[in-house]
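Per-chain residue numbering starts at 1, and chain names A, B and C are given in the order in which the chains are listed.
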Amino acid sequence: MTGMNTQSSETAAGQSPDQSAMSKSRVLEADKSCSVPVMFLLTWALAWLVGGGILAVVSSIKLHGPGFLAGSAWLTYGRVQPASIHALLYGFGFQAAIAVGLWMIARLGQAELMGRKGILLGGAFWNLGVCLGVFGILGGAGTGHPMLEMPGFVSPLLLVSYSLMGVWALITLHFRQVRSLYVSQWYLLAALFWFPWIFIAAQSSLVFHPVRGALQFVISSWYGHAVVALWLVPVALAVLFYFIPKLLGRPLHSKHLATFGFWTMALFAGWGGVQAGAPVPRWISSVCIVGGGLMLLPLIAVGMNWWFTARGAKPAQGDFVWGFIRFAAVAFFAAMLLDIGGRTRVIGEVTDLTVFSSGVYALYFYGVFGMSIAGAVYYLVPKITQTEWPSAQLIRWHYLGSMVGTVLITAALVVGGVIQGLRLNNADIAFVDALAKTVPFLGLSTLGGLILVAANVAFLLNLVRLLTVCCRCCCCLPWNGTANGNKAAAVGANL
Amino acid sequence: MAVTWYGMLVAPSRQMGGQQQANVGPGNERYPIPRLGPAHRGAEVYRSNGCAYCHTQQVRPQGYGSDFERGWGLRMSAAQDFLFEETVALGQVRMGPDLANVGFRLTDEAWHYAHLYNPKSKVTGSLMPQYPFLFKEQPIKGSPSGDALVLTGAFAPPTGVEIVPTKEARELVAYLMSLKSQVPLFETPLPAGPKQDAEATASSEGAGNAQTNLALNR
Amino acid sequence: MKPDRNKKKTSGGPANPSAPTTKRSTPAAGGSKRGSRGNSEDSEPTAGSEPVPVWLFVLMALMLYSGMSYLHTYGGGFNPKVYENFRSYKLVDSANPKSGPEMLIAKGEALYMVCAACHQVNGMGVAGQFPPLMGSEWVNEPNPARLIRIPLHGLSGPMQVKGQDWNSSMAALGSALSAEDIAAILSYIRQAWGNTAGPVTPAEVEAVIADTSSRSMDGSRPWTASELMSIEVAQ
């Protein structure tokens, strides 16, 4: 991974038209080669996004209306809540990230995506694994470790299918035509390695050979932190570092600043998860507080880089992709600042053990990760399928809905969490009364969740309509092309 | 990356992985004691129904939050308390009260059964969901069963019907009753001051104090 | 796997990712990249090479320093026994009530200097002269009744310790040390150097003194090993 920042400095001022045409055709080839596996992963990802979103709304309603669907063990809050988190994170988050990552690796390297069948197989097994995992949680077989609830037998399946997909990303990267690596590739490559590392480390010591006592808490909290800081955020940063300069039509301000941001993040992002006051030796939570403070460094570096890149620039032709990207970039700063602040002792005394952390997670997940992925999807799908989005109206709804929904959920949970914390810390207020003031905010977050589900239905609908248009044009299903990658490319070229 | 791994996983493992029972009294008393029988199985019920998504089992240190003032514990929780937990369920959010010492604070099993069946029957305004699937509704044959729930007023079952806890409910309540972590430890001595007199906290004396502190809905 | 892999390899050397229309700016001409929008929307993003501002490194050094000093203050010395509300092991230690066996052991450690003259600070004794206390079956006997008698009245004659024969004598300390002192020393040696027996209470020593009131503590009637072994002790 040390070779990652070997960004070539030979970015010459001119290019012969010949070369440029060649690179253009290679880009086209790379795009087309992605179509089948990426569309497969994306379709399933969006299906999980809608499904997980519905589960999230159900669990959110239960928080303020405990009688809702309370009769069944399968739908009790303590199972629906983790099920929704896992459906969204592993069903949507991972598949969408891998889909976008594969495309970006192929596109930036101007190389055809390799191992398409392997990726399809991996994607199929991944979906099977997440499905089993979510049903396992609803059936009461959860492991009891937040973010790692899926029953133990699922994780080998997930790891194998992840490797099936990840290996081909690496091979595609290896055979890239453009030798120099762009910032986005660093983040993607890092995330690609970080996930199996944190997953194996946490799974093996929690599920397969459970460690004793409170150590489990340290490891599961660390995993919950790391899966955001070392997977969701790097993937989102890869997307943002790609699209901000691209849509603004100017080079990124500084690759050195990007290097600084990348390595400080690689060094400090993993230090977190255990809040102050937790029943473990004090140094562990102190280290997490310091790690949070040091995360200001990559935050500043990334912020400066984007700021100087974007200053005074306007995106090309009122691009709707830009809306998503801009929102995700702003959300990144808001989420990081809330996260770092929440870790300090002063704020943590109020916000720890309240819904505040769910609000920050929602901002990371929907705001930073979801919005940047959505922006990327809107850009890449027309390229790889050679089909325009059927409805601009649905995109507008999706944009507005996800923006309003994300802001509503985050604001409601953050403000509600602070109120909950302040009132719980005042022992003169009885517990039930302390919580009562937070209930309206929980209602608001349910509303936000509903809006998000509606927005994501629009997203999915648009994608499905695009697929049917695409299929009708080709007079054949796109995945008929899997049998022969070249044929798929040829079909795309005929459009 | 390796540094992070060392710092967040290996170093804590080396410190806490080899933890043993502690000596907590002049007579060589050991703490904690592993759970046995129904209480042990009850931990599984607690885990599989995701109770930890609303309840914590960690008393925060004195002066940090209001856990002490609420009577949730006489000292902060320590790693030692969780030594024998198969799945450590510290919890992340307090939609419900902390349960680290619920075995001291709420000692009435009948209260727990009625509360699990319908929390509102015991705590007005409770946000906790009902757990009817942990109970069985059955017609009264002859005299009512000894373990039938005592529910009054609006919560009473129709005449001729009684509600009895299932095996899971019994195990869960046994588990709740076993949640006690007040024994002073070296690393978490009882805070100095007026609470010092509760030296004999393991005895029912300390528990009684905490319980009188405890308005039901705290 | 891919039939056209070879073809691709021949299809070109390292390609230039920058768009033809993107004017590259030298770091010195910071503003010149303004308005150089690539008009080909498929041009891949490239990165400029502005240097990292020096103050960012200064900030990093400052933050690392303050992080370290935070850990120095609030890290509890990375000790597993230091929790919130304490800053060091010493403070935890002093917050613990000093009574019962712990205090006895601490006192015993100081008083052990008397014994260390023969049995050595490390409890190993001196080969052929003074038997070891470390791992000794006499010291580690669950019921300390026999052990208490040894310092009270002294011991002389042949005995077996850890499978070896010894033949020397030990002076009586009963008149020089109080019952609590003796309990302290014995409590200390029963948990030091890997010994694992429980503490000895002053009351237990008092009880032995009462039982042996006929025996003088001035060293005139030391015990022999066989005498000690013949004492009935509840195990």
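Definition applied: a residue touches a chain if its C-beta (ideal position, glycine included) is under 8 Å from a C-beta of that chain, and two chains touch if they have at least 3 such contacts.
A quick note: this is a predicted structure, and the numbers were derived from the prediction, not measured.
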_Pair joined by more contacting C-beta pairs (B-C or A-C)_ = A-C
*Can you name the chain that lies farthest from subunit B, using the mean of each chain's Cα atoms as its centre?*
A
*Centre to centre, by mean C-alpha position, how many angstrom separate subunit A and subunit B?*
36
*Just give me the whole-number Å value for how far the CA centre of subunit B lies from that of subunit C.*
32
*Return the distance between the CA-based centres of subunit A and subunit C, expressed in whole Å.*
43
*asked:* Two or more other chains touching the same residue: where does that happen in subunit C?
replied: 78, 80-84
*What parts of subunit B, by residue number, touch at least two of the other chains?*
15-16, 60-61, 64, 76, 78-79, 187
*Per-residue multi-chain contacts in subunit A, two or more chains*: 276-277, 279-281, 287
*Please name which positions on subunit B make contact with subunit A in the complex.*
1, 3-5, 7-9, 12-13, 15-17, 19, 47-54, 56, 58-61, 64-66, 69-70, 76-97, 119, 123-133, 187, 215, 217-218
*subunit C - residues contacting subunit A, complex*: 1-5, 8-9, 11-12, 14-18, 20, 22-25, 33-34, 36-53, 56, 59-60, 63-64, 66-67, 70-71, 74-84, 86
_Looking at the complex, which residues from subunit C come into contact with subunit B?_
78, 80-85, 92, 95-97, 100-101, 198
*asked:* Can you tell me which positions in subunit A touch subunit C when the two form their complex?
replied: 7-15, 17, 19-20, 22-24, 26-27, 107-108, 110-112, 114-115, 175, 177-180, 182-184, 241-246, 248-260, 264, 276-277, 279-283, 285-287, 289-290, 293-294, 296-297, 300-301, 304, 308, 312-313, 316, 485-486
_Could you list, by residue number, the parts of subunit B that touch subunit C in their complex?_
11, 15-16, 26, 28, 60-64, 76, 78-79, 186-189, 191-192, 199
